[in-house]
Amino acid sequence: MTHHKFEPQIYHTAIGPHQPVLHIEPGDTVSTTTVDAEGKDATNQPITPGGNPQTGPFYINGAELGDTLMVTFDRLAPNRKIGFSAGVIAPNALDLGYVPTFEDNLNQLDWEIDFENNTVSPLAVARLNNLKLPLSPMIGCFGVAPPRGQAISTATSSTHGGNMDYRGFVQGVTVYFSVFVPGALFHIGDGHAVQGDGEIVGTGIEISFDVTFTVQLLKGKTICWPRAENETHIMTFGNARPLDQALQHATSEMVRWLQTGYGLDNRSTHVLLGQVVEYEVGNVFDPAYTIVCKVSKNILADIGASRG
Amino acid sequence: MTHHKFEPQIYHTAIGPHQPVLHIEPGDTVSTTTVDAEGKDATNQPITPGGNPQTGPFYINGAELGDTLMVTFDRLAPNRKIGFSAGVIAPNALDLGYVPTFEDNLNQLDWEIDFENNTVSPLAVARLNNLKLPLSPMIGCFGVAPPRGQAISTATSSTHGGNMDYRGFVQGVTVYFSVFVPGALFHIGDGHAVQGDGEIVGTGIEISFDVTFTVQLLKGKTICWPRAENETHIMTFGNARPLDQALQHATSEMVRWLQTGYGLDNRSTHVLLGQVVEYEVGNVFDPAYTIVCKVSKNILADIGASRG
Amino acid sequence: MTHHKFEPQIYHTAIGPHQPVLHIEPGDTVSTTTVDAEGKDATNQPITPGGNPQTGPFYINGAELGDTLMVTFDRLAPNRKIGFSAGVIAPNALDLGYVPTFEDNLNQLDWEIDFENNTVSPLAVARLNNLKLPLSPMIGCFGVAPPRGQAISTATSSTHGGNMDYRGFVQGVTVYFSVFVPGALFHIGDGHAVQGDGEIVGTGIEISFDVTFTVQLLKGKTICWPRAENETHIMTFGNARPLDQALQHATSEMVRWLQTGYGLDNRSTHVLLGQVVEYEVGNVFDPAYTIVCKVSKNILADIGASRG
Amino acid sequence: MTHHKFEPQIYHTAIGPHQPVLHIEPGDTVSTTTVDAEGKDATNQPITPGGNPQTGPFYINGAELGDTLMVTFDRLAPNRKIGFSAGVIAPNALDLGYVPTFEDNLNQLDWEIDFENNTVSPLAVARLNNLKLPLSPMIGCFGVAPPRGQAISTATSSTHGGNMDYRGFVQGVTVYFSVFVPGALFHIGDGHAVQGDGEIVGTGIEISFDVTFTVQLLKGKTICWPRAENETHIMTFGNARPLDQALQHATSEMVRWLQTGYGLDNRSTHVLLGQVVEYEVGNVFDPAYTIVCKVSKNILADIGASRG
């Protein structure tokens, strides 16, 4: 159960079978940092090319094809005062042909974190002078090396994770990925101080992070799509276009989890999900969109369903 | 401000320019009943063909093209003890080719409401014996006669409302529709005691309702897609396939509402929505899917944005 | 076998259960006219509101729920010299956010038919002075009254036909529709002198037509989606968004046709379609998109498959 | 202008920055072989793991970021007598929930080529005993190493090419790709003796090929999506889901080609495409679907538009 302090020297804008930066054991904890989406560090200086650069990959000793990697986000904390966001809703989220015209080209703007009050406010948008959003740090992009020798851009996501941009990936959450290559090769980056559903301007409030995470290995267990859990819910993730297909992947993965993980039969799975399923929208900006399928842990407890 | 008690004699499975059943004034309240999705009434007897039969249409005196109709759901209450749901997740929400096989053909099952404890439980699903879902009555299908002489099936939805199957259409909510024909012709039906996001089995817990609603008229104001508000949020609705397009309609309508209703300029609208927008999934079962776009009223209050 | 000459007095911009304009017998032929998409007649004068106004409906005596209506387009002929088209590709067919900027706002332009050489040329587009497209008259919108008491806008299409805007609906083609209401109520309108695949500018070369068609009735036979045939192919039509779903409907209907109409078994249907199916793109502009699924009649003849 | 004979020793199931197998000059020709989709060679023996294994990559000397690679398929010829196909239409191409049931599990079947008569016939499907499809060899998967250090599975496609499965990629066609990495790194594989539009069973008639191709380099020219041309048409390719998005990419690329390649202005491009564009459906089976946008070379010649 070593707690590693790791200072990154190199970053990747594709998640793939890169040279590991650190070998760790199941049960180990890593504290490290991530740069922001444009490659700027805690001093707001660009130190690597942009595009959601990832810290890592971390090689988990013993991880191999057929296992599931479990990563808990122990700490996700912005490590500087100024973040930035885009300022125009992407055409992905607006009616076809709906093109906003702007008095000035508002490509990007800065936001300032008030660490004392845990709020975030935009700079230089007069009309929003009184806006103080609750600081809600989340991590946008992370995952494991994909199957088939692939290296997949951190602009997008798939079964291996990637750029899911879901505002629920906050401190305390545990995520699960199938292992496709020896060591799993976990990557992490792209922190947001705040993000709306869908990441519809193409960014959250992008900022560099201090991150601490702990890994575990579930030997001989595989899943099809990323899973996660927080205190109240279990969650499954589908990454695809259109949103319909993302929702299909996420729902199918939840059916599998309830049946193989919680021992529900077909009948009870379908009847239950029909009336209790919750969906959230991850990104609707990246090449693959993300839908989150959630079930309340309380409901599972009520019916006596627990993980074997 | 008359409070009408109306007992329906006829139901419609398309929303269109049918003969009005009652003429009412803006400000009036109507108490009436709706049958369930299969046309069964408070005694659980079939009294009209199924397919989300609608009570109405109600003719609002003075409503004409160019106005907006405002309807507040004062009361939405199941008026019998037994509801029913489907028992199999629709292929719409599962991976292509994912076909559940069942030990028995679970087309439909009954649920019982415990009005004392405000819970709902399935009958005859052994594994779910302890399931007690909070009673959460919502109305699945309602709207006004569509434009262009159309009559549109209550299986689907569009700019006129229709079968949106959103679990947030609960008591206390106010909805808004553009008026397309003289009198607006408001229809309402398809109550659910409980429903999961997406209505992924194709039903909520379907049941007959006592409903009370109050209408208002906003003269000379039009909107593009349905809007609504509850205590905490303003909401806009997009109805289309794929989900992406539904989300585009809903977001565009929210942009318009913030700008023309709340006086935000282009810049502040885009910057704000990017970090605070919330989405919910209405139905992903009907011919048109539904996405809900939401903004917190507290945030609008913080920045001093109010409706003129 | 009466040949009716019918001069329309009224037009509809929704296809639905309107008052029939003429009652005809199976086997009868009708010669009539259609106005262009904007309601202009053979003299290029507006005589009815625009939006693909339909001539009809024609009541086919004896047609009832459970039958299939068969309509052969005996003649589809522009009856004036000047047509018009839109001049900008719709955002439906361009990358998100790809917005063409124009030196002048080219909303609409005229095209002239050279009836001697059977060509069509744009007026006043200098760069296209030498463009002479072969005159290829086709009919954009037609169908029967839809089920469930619906009246559906002629902007869109569904199982009842409607605005499919497929360039293959030319003279000589026979189309098939399920009958949903007594008399079937056939409507027809929206002629094009020429059209590209997809109708990506939102119009073909819109023009008024002389049309002659002959109806037949297949008693006790139903289909799910529109079908058609020309000399070389049988065709099925799916109308929906996204295109994927339109293709799914069209393919499924072709599977049904091959099995119930041509007596192929499951195995040969799937093996055959996999290697010989052809698709064409109808419209990608209207609320529902259209995909055409085709199979060569020669191939069916080669394997000895014929309609029983 | 060397003509290289190359015998592959290694195959890749992702297209990416692999070690080049051969360095060639612009203008050079390569004759080599490809295995079938399952990794079987001209003797029908498996020699490498399946999944559209690629021959290559070939390093084109002088190719660098900012150039366009041009590849002409001089010869595409099956080099054995027996191919195979899947036998069941994929759910991608059928209505949701439409699940064919089969008397026997027809996962795969063999087809035999009659090289004398240039026809292909299925083996052991009694009902199709007389089926003789014209031999129409095409290549399913090829492309260049993608940008951003990615390696992308040969199951799918994107801007770099990949598994487009378009039946029009036949002998004589020239294809164009942007160069993303030094040397371009051209890969090729996945030959089909015949294929239906859409590759709806997930395969064509899969077979090993003798291939000969010639490369050219267009220095300092870039394109966004793959392009091609045959004797009669220029073509652009969009690879994405849903089909709508693939069509958007392909159409936008054609607009760019007509404007920057053929010197058309905005106005003439839009007016022309609106009435002459043709679409074809590549695959609707792979993770990314493919739409082909085509314009007739005769029409371009008629208006005096030529490549500068």
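Going by the order they are written in, the chains are A, B, C and D; count residues from 1 in each one.
We adopt the following convention: a residue touches a chain if its C-beta (ideal position, glycine included) is under 8 Å from a C-beta of that chain, and two chains touch if they have at least 3 such contacts.
Since this is a predicted model, take the numbers as computed values, not measurements.
Peer 1: Could you give the fewest steps needed to travel from chain A to chain D through chains in contact?
Peer 2: The fewest touching-chain steps linking chain A to chain D number 1.
Peer 1: Could you classify the chain A-chain C contact as same or different, where same means more than half of all interface residue numbers appear on both copies?
Peer 2: Mostly same residues: over half of the interface numbers shared.
Peer 1: Per the centroid of Cα atoms for each chain, what is the distance between chain B and chain C, given in Å?
Peer 2: So the centroids are 34 Å from each other.
Peer 1: Where the centres are mean C-alpha positions, what is the separation of chain B from chain D, in Å?
Peer 2: For chain B versus chain D, the centre distance works out to 47 Å.
Peer 1: From the C-alpha centre of chain C to that of chain D, how far is it in Å?
Peer 2: The mean C-alpha positions of chain C and chain D differ by 32 Å.
Peer 1: Where in chain D do residues touch two or more other chains at once?
Peer 2: If we look for residues of chain D contacting two or more partner chains, we find 92, 96, 241-242.
Peer 1: Once bound in the complex, which stretches of chain A touch chain C?
Peer 2: Counting only chain A, the residues touching chain C are 90-92, 96-97, 99, 242.
Peer 1: Mind pulling up the chain A residues that touch chain D in the complex?
Peer 2: 12-14, 16, 51, 147-153, 155, 240-242, 245
Peer 1: Taking the touch rule as given, give the residues of chain C at its contact with chain D in the complex, in rising order.
Peer 2: It is residues 85-89, 92-96, 98, 100-104, 106, 109, 122, 125, 127-133, 194-201, 203-205, 241-244, 247-249, 251-252, 255, 264-268, 270-281, 284, 289, 299, 302-304 of chain C that touch chain D.
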